[in-house]
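You will see two complexes here that share chain A, one where it goes with chain B and one where it goes with chain C.
== the complex of A and B ==
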């Protein structure tokens, strides 16, 4: 597993991807790789926990747009939790939050998504 | 009158080096008593400006100047590269990027513009200087 991915687990039909460190292009590609494998095996609900990624750049976040695009085709869901204030603001500016839900915690996300 | 304090960095273009600039920005923001929110906005704008310079200047190093002024922080990101024409940079829109062949990237200028209080670009064939400011918090 990439250094950018701390953990991947499935709970209640939701794939939870926990990232770590600077969310740059490498981190974005690592999330895309996990997403692609899980989507190929039938998963359509994804939650990205960014509790340990407080700094992002737009190149990494742009890769998330690719994931959103692929999920739209299968009516899938992408959500985020534990976003730092500046990360959520960045997502808002880029329009990511128009297409993804943001939750305060993993538990509150699972309650809605599962 | 004392001169405004200036901190200058010279960064080679190596992966993630922009994070060393954000560490400096955090120290300066703390010195200026900027709020955590404003400090984070300066850091994010700095990351994006550095990445733009790394990707487009075709140089091997960039320079960053932090100028601590009574009412604001001014940050200059300077490269001696090939320059660019800002008028040719399209404003990104996620609706256009989704379900199209359009590249998903290209958000840097928009983010800097939204995160800072002012941004100016001076660019020609001898390089680019991005000058951005963040107003000091009201006491």
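== the complex of A and C ==
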């Protein structure tokens, strides 16, 4: 597992990917890799927990958009939780939040997604 | 005619172009928003570590750099220390030393403007395994004090060179950072100077009260709190009307200064504190701001109670001149019982007992008081310290409690002038029908122990020792109109020619006769 991915687990049919550190190209690629594998094995619901990623750049965001586009094709869902203020603002500007929900906590996200 | 397929392709192309443009616009919008956030963050921070970390993370975020550092010049070593880093391991940071003698900092120090480092540049620094960087100066008074460095511009296709647009953006950020750095440094220096000011104010023995334009107490030091018998909490922020409630005169003074905007000084002002009145020297001064507008009042209060205590203790014994000198320099005061070189003068009225038999007690007291007053005036004129009056005898000290270079000289001058003063005194009392006073004086010089001697109930400043005893003996040997001095006195005075050596005298307690010199008043 990459340093950028702290944990990957499945709960109530939702794949929870917990990231760590700078969410840049490296972290984005790591998430994309996990996502691709899980999607191939049939998962369509993903939650990215960014509690430990307080900084993102547009390359990391563009990879997330790529994942969202892929999920839209299979009617899947992508959601985010524990976003730092500046990260949420970036997601808003880059348009991610138009297609994905943002939750305050993992539990509240699971409640809606599962 | 356009085929449906080519028309569909054109629409798709248009859509793609729109999406691309939209993405670019969003990224620009994000840049602007982040820059605005950064400006707000920078201006609200007063902690440099937090400031630099925010600069690094936000600029890395908008410029897609993979890592970054902030270097700040160490004032002691002139090395630029890494004060903040982003996405770089601690161990890698420690491996590099940066200074302006070489590498990219040399260029930055010379040009003082941002630049891009690409593969072709060689600055003899590994730059944390990167060959692509964006370097921007942090300036203080146009001198290089630090640098913001971002490494490796990320893209989906790998690491790219930074572009001119990135450079402009980082330059804007580093200008903001420089301003914030200056502000924080100024704030630190202001805090330091405030602290120093506070320490000075709390350690000085003058009570200081600062009143602002609205009449509220803005500052009060420890001494003023002590004088007013108040706590800082009950004073700060309160109107002077409340704080000086019992001091109507002080309120009047403050109002007068407010009105006339001129300094007022009141000596021995009666300040009313909680339980008692304290005598203070008080000055009430207007304060003006840089624009010379009236901005408040500062009151300074010097407690006179300690000074008055010293004055009242000594004024009966020494001249005002000596009291002032003692107060000016407390270290010169020796009350602790130390042996020192002194000169002692004794004077005695000859035939006083037979004279007093002819007078009533009331007349005796009146005459003696007049006599002593005229003698003591002379004593004080020459800075003598009146040790005691016993019956008709005066005992005067020179050299204690305050030492002067010409103490012995002064003792002799006192003695000579005492006779002149006695002549005047006598001419007056003779007119009133009384017999003239006749006195003899003895002066000796030598070591003696001085200090406060006595019991807890009664303690007096005096001197003891052989020198004193011999002084007293010389006085008792002196005939009317004579001043007898010892060799130790004769050896140091200028007017020695006025004295004539006579036969040595036998004194009690001395095995050998004592050499003496005499001055005879006409």
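Convention: the second predicted complex is superposed on the first by the 114 of 114 C-alpha atoms of A that agree within 3 Å, B and C clash if a C-alpha of one lies under 4 Å from a C-alpha of the other, contacts with A are read in each partner's own complex, and residues count from 1 in each chain.
Keep in mind that, in the parts below, contacts are C-beta pairs under 8 Å (C-beta built on N, C-alpha and C of every residue); 3 or more make two chains touch, one makes a residue touch a chain.
Bear in mind the structure is a predicted one, so any value in this text is a computation, not a measurement.
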item	value
Chain B versus chain C as contact partner of A:69, first or second or both or neither	first
Which of chain B and chain C A:99 touches, first, second, both or neither	first
Residue contacts on chain A - larger count, chain B or chain C	B
First, second, both or neither for A:90, with chain B first and chain C second	both
Shared contact residues on chain A - chain B and chain C	22, 24, 55-59, 62-63, 86, 89-90, 93-95
Contact footprint of chain C on chain A as seen in their complex	21-22, 24-26, 54-59, 62-63, 86, 89-90, 93-95
List of chain C residues in touch with chain A within their complex	23, 26-27, 29-30, 33-34, 37, 57-58, 60-66, 86-87, 154-156
Partner chain A, residues of chain B touching it in the complex	16, 18-19, 22, 36-37, 40-41, 43-44, 47-48, 51, 92-95, 97-99, 104-108, 110-111, 114-115
Chain A residues touching chain B - in the complex, by the definition given at the top	22, 24, 55-59, 61-63, 65-66, 68-69, 72, 84-86, 89-90, 93-96, 98-99
